[in-house]
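Two complexes come next, and they have one chain in common, subunit A, joined by subunit B in the first and subunit C in the second.
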Partner chain A sequence: MSTGNATGRVFSVGYTLLFFAFLFGPLLIMSATAFNSSSFPRITPWECFTTDWFGVLISNTRLMQGLVTSIIIGVGVVAISVPLGLAGALALAEITPSLRSALYTVLITPVLIPGVVLGISTIVFWGDLGRSLGGGFSTLFFNGIFLTVIGQVTFIAAYAMLIFSARLQRFDPTLTEAALDLGATPGQAFRKILLPFLRPAIGSAAFLTLLASFENYNTTVFTILADNTFTTALASKVRYGTDPSLSALAVIIIAVTLIGAIVHEAYTRRGEALVAGPAKSGLYANRLGRLAVHPLTVFALLVGLAGFAVYGGMHHESGACQGRIMEGKRAEQERLIEEQQRRMKENAARPQAPAAGSAPGNPSPFGGAFGNVGPAAPPAPAAPAPSGSAPGNPSPFGGAFGNVGPATPSVPAAPPASMPPAGPASSGSAPGNPSPFGGAFGNVAPGAPAPPP
Partner chain B sequence: MNAVARIFRDFSGKHGLGVALYIGIGVLVWVIVLITLPQLAMLDYSFRNNLPPPMRGGEADVYTLVNYRYFLFGGGDGLNTLDMWVLGKTILAAVVVTFIDVLLCYPIAFILAHSATGVAARLMVLGLIVPFWVNEILRAFAFRVIFGATGLINGIGLGLGLWDAPVDFIRADVALYSSLTYSYILLMVFPIYNAVEALDRNQIEAARDMGAAWWRVHWRIVLPVAKPGIASGATIVFMLTAGALAAPQILGGPSNLWFTQLIYQWFNDAGDWARGSAYAIILLFTCLAFVLLMMKVFKVPIGAIGR
Partner chain C sequence: MTTRDVRLDHVTIRFGAHIAVDNALLTIEGGEFFSFLGPSGCGKTTLLRCVSGFIEPTEGRVLIGGKDMARVGPNKRPTALIFQNLALFPLMSVADNIAFPLEVRGVGRKERRRRADELLELIALPGLGDKKVYELSGGQRQRVAIARALAVEPDILLLDEPLSALDLKLRQHMRTELRAIQKQVGLTFIYITHDQGEALTMSDRVAVMNAGVIEQIDDPVTIYERPKTPFVAGFVGETNTIAGKVMSQSGLDVVLDTPLGPLSGMAGGGRHFSVGDACLLFVRPEQLSVQAAGAFSATVVKEEFEGNLRHVFLDGAGTPLRLSRVGGGAPLAPGTSIALSYDHTRSTVLPASGARA
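This part shows the complex of A and B:
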């Protein structure tokens, strides 16, 4: 192997790894957020391992009702688009080439047309038709489920057609001719020769169309009218506020997908091994190995694993940990309030002493910067840190602008009002503070004008 | 009509009358009732005034260009630069996303077709398909988790002190473009893969033996073979991106609209179906014109799409 080839190899492996990291990274990150007790979907900071979001997901009635609607629609779409796709593929396979490309263009266009356009044209057309037939709003023409099925079939049937076309290309037409020669009627030849040949394609077309129907948003959001499918309910939930129960949903979908994919892989492998003959591959050579990689075994194993995970998850109690987090937050808050009060007292006693922003151990890059922006305030050592830059403060702005109020001039008994009370801003910089600005501007209240001595 | 009757007789002779009826009716219903008539109804609607149902068919129900006029000139006299800019930006962004997808997917398709073997190839195919099975909404949501103000990247960046304030990736549309690029990868990889797979490996070897550099091998030998696949994938990705609605709704910045969102607003917020139809027609024809133009530029026949 030449060096050029070796670098090529390294490049391909590296690129492939990066590519799949891009493909799976977002999914993994999203899945991880399903187990964080933080009420916003995120990984940093990690609070508690919890499985509560799955419960939240299941108790979301809007989503669950949408799921039922989606299943009804999906069944309708499969029932219509698979036969339509088959008809289209058969027609394409046997007409003259010039007509074929015209028909192909017409049938494939709905796949390319924006789904929004399809949805609009569907409701406009059927609405017009309903009105001209004198149908009211309770008729089929204004029924969201019916319209969605029709709108989705328009382009999903083309997916089925593509699958059937691919399969038909491998069909040997002499088989049908042989059947006809042997005395079969054309109908019999179709049922006994062509349909059985297409059966695997029917299966995959049904699966793909169901999936496409379930996933569709762009067309459905128009045709469903006032109703909701699973996907539209999901979309409105994502748009108007998110919580990790969506990540929990992603975990479920990914798990189901992975199980399906692995079982399917085992199934095709087994088929290939059976075709290739025994003793071809190590695992299939002996009985035990064959049993171990049988798709049913694999399926049972994976489902068992998933069931175990669900059972474990249902009995996982994160309340204690969450309680600790809450307790920690409250304690931190109280500590900050106390500190603030003490500081106010000290300020009252020793007015020249502004807070020194840079407490030791402050991790913030800006900690203490501008800590003391007030004009002409004499430095004073040994002042307690302002609340913003408390040690362990995660905020990047912690303590920045810590004390920006116009410095109180040296007035002996400045009123405590020159320091704002421990408001939400200062308590906000507790560890685990969700706000990235926590503590910033902590104390920016304009200092009260000093009263004349 | 004669041609249709002849085709019907052919089918009936070959598969029997029942099957011929099924195919004939199926295709006709699909082409006429599902595809053609709704599009015509929408086209018709786009030339009408937005009238309440009782006034339909009355005197006021005349054909008008007011909806298209609105797109060009807005309510006032000046040009409706806002909506036109949204359309232009949508097309431009879709082109950028498509281009990035071609760059990302061409190497993977080539590796999958010519370097990966056995288990690795199977794993790659599985790995390509699995993310595609996750709902489109959830895929967009994942990018919100990553790019949000309290998201992963901001969390890491702030934690390491790389930047001081959370960067608003949502407003900068970084999240949106990443998500769109991510969403349609599969639809780009497989057409290119199908095209590249047909290439005889010996041609690559021969070119190498003659001393061609790797980029020259790709430029002169692999790319010409891959071209129909790239055109097919690019068309699909471009149309889907330009017509995307969910990702812009979820990840779009507050002041940054996608053209489909304008259509959605006319329909669902303003209740003006006529104008919504007109905007949908505008989007449709702009996209189709653009795709056809690109096919002319790159000399690709339309029959290559979807193969």
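This part shows the complex of A and C:
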């Protein structure tokens, strides 16, 4: 019996650990990659602790403009959805029961329709309307922000309605009657009795609709037209490759969420402690403890902590460390080149052409790898092996793409070799290029037709 | 006629085919404590909501202080309603609750607080203004609801079974208190209840309602002692019902031929019966007494003990009877045959068909 219990306990503890690892593992790893100087998000090998990726993130104008657009759209959606949802919930509460289910179905349908359909139908409807009214492309009917707000409201208002409905079910309608009877106008009864009761629901509805608007992609990708929201900008960025600045974004989002959750928890606990009576819990028993766990104190503390981290991060200089890493790579590169040149000399019958990318002093980790595309062409079949498996080459793609060349018979050996410094390889591997793919794609070009990215 | 009069002028209220209130015609005088008494679903709450303005009568008029209240909303009428669940605003303090009527009338904060404190004095809860509603006991909430209604300075206070949620002791205490407050402020109180005890102890006059119809309007003693319809006789207080046929009537004295023998009673509502009419004789349990030379005899079924009273259940020739007696003495053994008598001037004879006077 006791062994059975022990096994059960081990199993349940193990399961719990696995479950949490499954939930939070990706987040932890991703957060860590934001601080590794490696230009691909990963934690091994750890190169240098750096905060540069946050700078890269912030200097991405497309993303930042998308953020501004998203905020504008979010505010618009909240401003329309919350009153609309409230009106719908009130209508549901007041209507006769026979009509209620029909109205409910009508109001809830947009939630069930795929976002893609909503997005397309929004642009079709407003576009047709605009054209039939003779409006041009500069009018509201073809304004991405306007269309996105309208398109998102169609289903996000239903979310708000559900929240209000849930709260309204707990409202005692005699309170409104009492207010009327005591001389309040219907407007006063609504403002002074019903609205204060709904205040928590208004808060949740505003928060939820803002989040729903912010994270929406399916509908927005159609209705935004030529503009970009944060989400669509992010999606298109990911399509062209990922770098640790996305991890930096994840760190920021996780931090904001955590601060929000902790402050909310402090707020809830305080509420419970106040209802239960102040002396029940140790922390709430004395004035200092109460002050320490007040939600505002907690909030100020966490924001202060975050601000401190940001300040520290802004003044962190990882240049020296990165320089050392670069130096190491450069040395490795030179060693490889020398080795290669030695081999080339040995094989004197072959023409000699130093590749552009393999010029000494090229600090890019990819330079060597991609530069080898040229020389590694069929004439020098021995070369690819050492470059692809070169120790110290940090990019998993560097080797992979570099090796595309030799593996593809159609790649001619000559072109890259015959145009030394101006070739795409050298531009892609320019020092300081933060994208891990910059080099990769640049280098693919010479070998054009064959390798798909 | 004062501003505190309420007149229901042939008020009928229908919900679809259902008649909730049927042709109510009555005048409640200023300063009166008037109760509507009836079982649930008899239309008394509908009538109250009609007076307070939440329901418009289908036919007829409601006049308050001589003025027709048609299309005057509840917030414009000189009435204040105390709800069954009190409907205190849970998010406001006690003082804010009481001052709510003043707030919506644009009275300043200081004046509101002063009035709220005054009213808290009146209901004997001084200093509780800053408490939350949920911190109060049931009886305190009751009084806060009254104070809030009085803050409107209404001419008529309407109370919809406000005591039903309280326990017995508190209910009895609040009866006295309500009556005292009514005397103090001098308003017209219209009180809705299904509890005959409440109606009889507090009211100046009581209207007994059944299925939308007002059966009788009288002072409590008359309602109890001289019911005009079988429903009133049966609903207000306990009673023994003995069926019979009229043998003779002289003045109000009626003699019935019953399974228990010829029994006499007073003709209810001053009716005149013909010989042979099917009638019911109503005798209160406390009017029955065990006497050696009784008017009739019955067999004891069982006796129940209820503190101050003993209820004796009897069988009189197939008619179930009950008798209430005060004091001790040996319990009556089941199966014993006892002779019973009653004061016939305090018993009532009413037609069995249930027709109203």
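The definition used in the following text is that the second predicted complex is superposed on the first by the 316 of 453 C-alpha atoms of A that agree within 3 Å, B and C clash if a C-alpha of one lies under 4 Å from a C-alpha of the other, contacts with A are read in each partner's own complex, and residues count from 1 in each chain.
The working rule: contacts are C-beta pairs under 8 Å (C-beta built on N, C-alpha and C of every residue); 3 or more make two chains touch, one makes a residue touch a chain.
Fair warning: this is a prediction, and the values are worked out from it, not measured in the lab.
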{"item": "Clash-or-fit label for the pair subunit B, subunit C on subunit A", "value": "fit"}
{"item": "First, second, both or neither for A:V68, with subunit B first and subunit C second", "value": "neither"}
{"item": "First, second, both or neither for A:T231, with subunit B first and subunit C second", "value": "first"}
{"item": "Touched partner set for A:L175, first subunit B, second subunit C, both or neither", "value": "second"}
{"item": "A:T257 touches, of subunit B and subunit C: first, second, both or neither?", "value": "first"}
{"item": "Greater subunit A contact set [subunit C / subunit B]", "value": "B"}
{"item": "First, second, both or neither for A:P110, with subunit B first and subunit C second", "value": "first"}
{"item": "Which superposed partner A:L90 touches (first subunit B, second subunit C, both, neither)", "value": "first"}
{"item": "First, second, both or neither for A:M326, with subunit B first and subunit C second", "value": "neither"}
{"item": "Which superposed partner A:T185 touches (first subunit B, second subunit C, both, neither)", "value": "both"}
{"item": "Distance in angstrom between the closest Cα atoms of subunit C and subunit B, superposition on A", "value": "9"}
{"item": "Doubly contacted subunit A residues - partners subunit C and subunit B", "value": "185, 188"}
{"item": "Residues of subunit C that touch subunit A when the two form their complex", "value": "52-54, 73-75, 79-81, 83, 85, 87, 89, 91, 100-101, 103-105, 148-149, 151-152"}
{"item": "Complex contact set, residues of subunit B against subunit A", "value": "3, 7, 10-19, 22-23, 25-27, 29-31, 34-35, 37-42, 45, 53, 56, 104, 107-108, 111, 115-116, 122, 124, 126-131, 133-146, 148-152, 154-156, 158-159, 161, 164-166, 182, 185, 208, 214, 235-236, 239-240, 242-246, 249-250, 260, 263-264, 267, 273, 276-277, 280-281, 283-284, 287, 291, 302-303, 305-306"}
{"item": "Residues of subunit A touching subunit C in the complex", "value": "172, 174-175, 177-185, 188, 192-193, 196-197"}
{"item": "Subunit A residues within the subunit B interface of the complex", "value": "4, 8-9, 12, 15-16, 19-20, 22-24, 26-27, 29-30, 33, 40-45, 83-84, 86-88, 90-91, 94-95, 99, 101, 103-118, 120-122, 124-126, 128, 131, 150, 153-154, 157-158, 162, 176, 185-190, 194, 211, 214-215, 217-218, 221-222, 231, 234-235, 238-239, 242, 246-247, 249-250, 253-254, 257-258, 261, 265, 365-366, 394, 396-397, 434, 436-437"}
